[in-house]
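Two complexes, one shared chain (chain A), two partners (chain B, chain C).
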Partner chain A sequence: MMTSRIHPLLILFTVLVYIFLMGPLIIVLGASVSDTTYLTFPPQGLTLRWFENIFAISAFKRTIITSLELAFLATGLALLIGIPAAYAINRYRIKLPTWLSTVFVLPILVPEIVLGFSLLKSVAVGMDTPIFLTLLVGHMLLVLPYCVRVVSASLASFDFSIEEAAVSLGSPPVKTFFTIVLPNVRSGVIAAFILAFITSINDVSTSLFLTGPGVSTLPIQILAHVEQFFDPTIASVSVLLMLLTVAVMAIVERTLGLTFLAK
Partner chain B sequence: MLKRFAGWWLAGPATLAVLVFLVLPVAATIATTFGEDGGIFAPYIAFFNSGFRRTVLWRTIEISLATTAISLVVGFLTAYVVSKSPGKLKSLLIIAAVFPLLTGVVVRSFAWLIILGKNGILNNFLVGIGAISEPLSMLYTQGSVIVAMVYLFVPLMILTLVGVLENIPDDVVQASSSLGATPAATFRQVILPLAVPGLIVGAVLVFTGSFTAYATPQLLGGERQMVMGTLMYQRAMVSFDWVGASTIAAIMVVITVAVVLAMSRVARRLNPMAT
Partner chain C sequence: MTQALTVQNLTAHYGATKVLEDLSLSVGKGELVSLLGASGCGKTTTLRLIAGFLEPTSGSIRLGDKDLTRLPAYKRDIGLVFQNYALFPHLSVLDNVGFGLKQRGIAPAEREKRAKAMLERVGLSPLADRLPGALSGGQKQRVALARALVIEPPLLMFDEPLSNLDAKLRVDMRVEIRQLQRANGTTSVYVTHDQEEAFSISDRVAIMNAGRIMQFDTPEMLYQRPANAFVARFVGFENLVPMKVSARDGETVTATTPDGSQLKLSQERFGAIPDAFVLAARADGLAVSTDPKAEGIPATLGLRTYLGRAYQYQSDTAAGMLIANGALSSPLEPGSAAKLMPVPDQCCVLQPE
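Moving on to the complex of A and B:
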């Protein structure tokens, strides 16, 4: 490979861009451990009391649990209906109309905030569903396109003749799917899970209209809290959210990867 | 029978979910804006007759265009350097771009509140070095919203464009330089045109994302820099003007769909690899 030289100014620019990208996150991290009642950086003193404070505020404790429940359930449901859809789109391509795969592009064309508002009108108010259920529907729709598209992309490179070979050798179709097809698209499923989970846990625009008395999500609670209190608790809860993101990536990669390999 | 329709059985639940919980409700939202007294387009006429709402729409377009333009330039130059970096450094740089992308919008916007606030880090620093005598009010300006939005979208742009730049065949670049083109000419005449489809995809993502954003303009722009997203929330949840909010929703959908369709046509036409 030929390596063309890069102009030193361009390298300097890139360094500045990365400082710009990382700086604000480091500042949040610093502000979260500062032993002051106001947000500051660099931190003055070192304390973890703002992290303790998160759990002293019941609204945070509640919304953390709601957000986790929502993310797991919405991602699980989206994978449950999304994987078969992705399979069908690739396996039965000739028999299914072309508009079918376009259906899963539609959620991308509809702004999230419009989806949230429309669900509020048609489902939450129109059908009088409980708040959590409406949120679950919204989050599931939010992450479904990721699930279908990412799994579909990894199925696209799967050789379906392997599956046919198994079936013709007498393996029942459902068993074949779980023992032959699914392990082969493992990485796609893991990637879809991570993307969907993180999208759900960080979502503001769709949840905005769907939260209600007593039931809210963590990002919406943070937004509400910032407007009243400007203390380091917000920084520490932000750090918690960052850690969660990192943890999900690491845990899913490891556990799911290993158990799938063991099979 | 079951076998013949196997594809439909498998794709059915997901398709139905999208149709019932996305297409229908959104269509219903748009439909309510046409059933009003005073003519079929009454809510739209009301929207465009209001100087305030016109200002909001225009401001949203301005912020989105500025965010898109800055993100394109910054993202492209950075992606170029990343794509040329040696293996290990490259993966590190990619991870460093993925991490902010996976951190939520609220957290990333909140960070800019700490930086740009009246007693924020930037003001303290500038006063500290004596560049200014008293703190500037940087929050709740169009600039603060744009800075935070650029921060939001640059990682997305970098990742989109690194993928595109890596797909440019080495032979093409080598052919250009062996035929005597200077590195700058190769960059301008070979690499840039080949990256155009990627630049368009990135631009569409950033523009539609900023046009419909809520959290960032809410935190950094507040009431003073109202945009379509925050105006829609205010109409729906503060004024309970659901027709007004639905009208804003419809305008957002139309602009998003129009931008996506128009740009995908442009991308197809400008793709130099397509014949």
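Moving on to the complex of A and C:
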């Protein structure tokens, strides 16, 4: 066997990158189990009471549920709009004006704060919409570009003569979309879902304007909590969020393999 | 049940551009007709119109006694074989072949039986459970063929089915396609830009240019009796010499070439010769002679190339550059003066353009 020598500097560099990536996670994890009333690292003592504390504070319980509901609904709606849009953009590329695909990406170019503020002014206040509904609209707009983009990328390499083959064999167009097109862009749809879901769950800027009395999201609640308290509850909430992401990734890994995200 | 296809006065536009003009075509029951032409000639547009993927501006498409013109593509019941195979990547070979049967509501057991029998016919039974991604190009095209044939369509259409295969496989596959098509007696339309492919596989060929059919005939007739200058050039008549009739004596016609020299042609061979016409000849149809008394087009020989069966000369004449083949026994030097004599059964007479 031939082994190529790895340069020591490369090893050092790689280790540094890992420390840089993993460091904050380890610090948060350590702080969350510290048996002190303030945030500290390395942890002093070992306790799980800060995790129990999350569920003792009703605002956390409520906002976790709100955030999950929002993320699922906003992502679902964005996919319902985004998949047909991406399909149309790719299927009728020649017939449609080129600026059309840009329109769907515009929300990405608008700063999230501006999106939040304008929704507050025109929808929440202007139309007196319920807080949750406004948040849902905001998050849907926020994640729609990701859905259109990622599904589009998947459809760009889809050969539409496959669809024509199915139609010529007697399959009506709508049925063909579900039995032939969708299964072949499945990985794109799942990638879009994950990206959109994570974007929604983590959003602060847009939500900041749209949350109100009684309805808030987890990141906004974390922000509010930090302003008043400096105990390790924040660290344990963060660990919970991390575990949620790990769980999503584990499911993806089990069902599809992680490599599809790199495609 | 196989049916005859009748296309009448079909006109089609892409936006404001007219891509097909007043095209009529009839394909008899069990006949294989090729649409042959360079890219952009309208052959693929014609196929897509018949398949129902495009809508004509005017005209009609009939299959047997069924009017297809405004019928949605999925109701047309036409078997299609695509250039890039277009197999369903997420379905096994067996499910690919069974797809059309499934759309027709055929029970799973019967579907599997028929799909397997079809795979047997194209020699792919051992690969039934594979996904298309694991097949070679030739195997993919066999699956595509099986998938189109298993629904026993009244009409089968091929869109450049062999372009993505290598040369050797192309020849094998076209023989295979022809055999399957003959055995089933399926009326077929075959689109290709490859003249050899079209001529070898077809009962009749429609040579297309700029959205029109230039000539629709058997390969033999197209090759020997092109109807116009476009088709003549297309099938390899390199030399087109405009001529005028100067005298008629019974069946013998004396024609004047552009430089004024006289040629005698027999109407028994060429049919009625109009007063102004174009003489078309392949390189083999112009014999090179150095005999000064020979009757022919005077030429100065230029570049000589060796073809194996003959020497070919780029020859400068009053009618422009002509290409003629000369005997191997007597190679001539560039610059020699010679006469180019039309070989009657290798030439034809065309209407002037």
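Throughout what follows, the second predicted complex is superposed on the first by the 237 of 263 C-alpha atoms of A that agree within 3 Å, B and C clash if a C-alpha of one lies under 4 Å from a C-alpha of the other, contacts with A are read in each partner's own complex, and residues count from 1 in each chain.
The rule is short, and it goes like this: a residue touches a chain if its C-beta (ideal position, glycine included) is under 8 Å from a C-beta of that chain, and two chains touch if they have at least 3 such contacts.
This is a predicted model, so every value here is computed, not measured.
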Clash or fit (per the criteria above) of chain B with chain C on chain A: fit
Partner chain in contact with A:Pro219 - chain B first, chain C second, else both or neither: first
Partner chain in contact with A:Pro183 - chain B first, chain C second, else both or neither: second
Partner chain(s) touched by A:Ala165 [first = chain B, second = chain C, both, neither]: second
First (chain B), second (chain C), both or neither touched by A:Phe55: neither
Contacts of A:Pro84 with chain B and chain C, given as first, second, both or neither: first
Contact breadth on chain A, by residue count: chain C or chain B: B
First, second, both or neither for A:Phe13, with chain B first and chain C second: first
Which of chain B and chain C A:Phe229 touches, first, second, both or neither: neither
Smallest separation of CA atoms, chain C relative to chain B, angstrom: 10
Contact residues of chain A, present in both the chain B and the chain C interface: none
Residue numbers on chain A that touch chain B, as the complex places them: 1-6, 10-11, 13-14, 17-18, 20-22, 24-25, 27-28, 31, 38-41, 81-82, 84-85, 87-89, 91-92, 95-96, 100, 103-104, 106-107, 109-115, 117-123, 137, 140-141, 144, 148, 198, 201-202, 204-205, 208-209, 219, 222-223, 226, 230, 234-235, 238, 241-242, 245-246, 249
Sites on chain B touched by chain A in the complex: 6-8, 10-11, 13-15, 17-19, 21-26, 28-29, 32, 74, 77-78, 80-82, 84, 93, 96-97, 99-100, 102-108, 110-115, 117, 119, 121, 151, 154-155, 170, 173-174, 177, 183, 186, 208, 211-215, 218-219, 229, 232-233, 236-237, 242, 245-246, 249, 252-253, 256-257, 260
Touching residues (chain side chain A, partner chain C) in the complex: 159, 161-162, 164-173, 176, 180, 183-184
In the complex, chain C residues that touch chain A: 51, 53, 72-80, 82-84, 86-90, 99-100, 103-104, 144, 147-148, 151
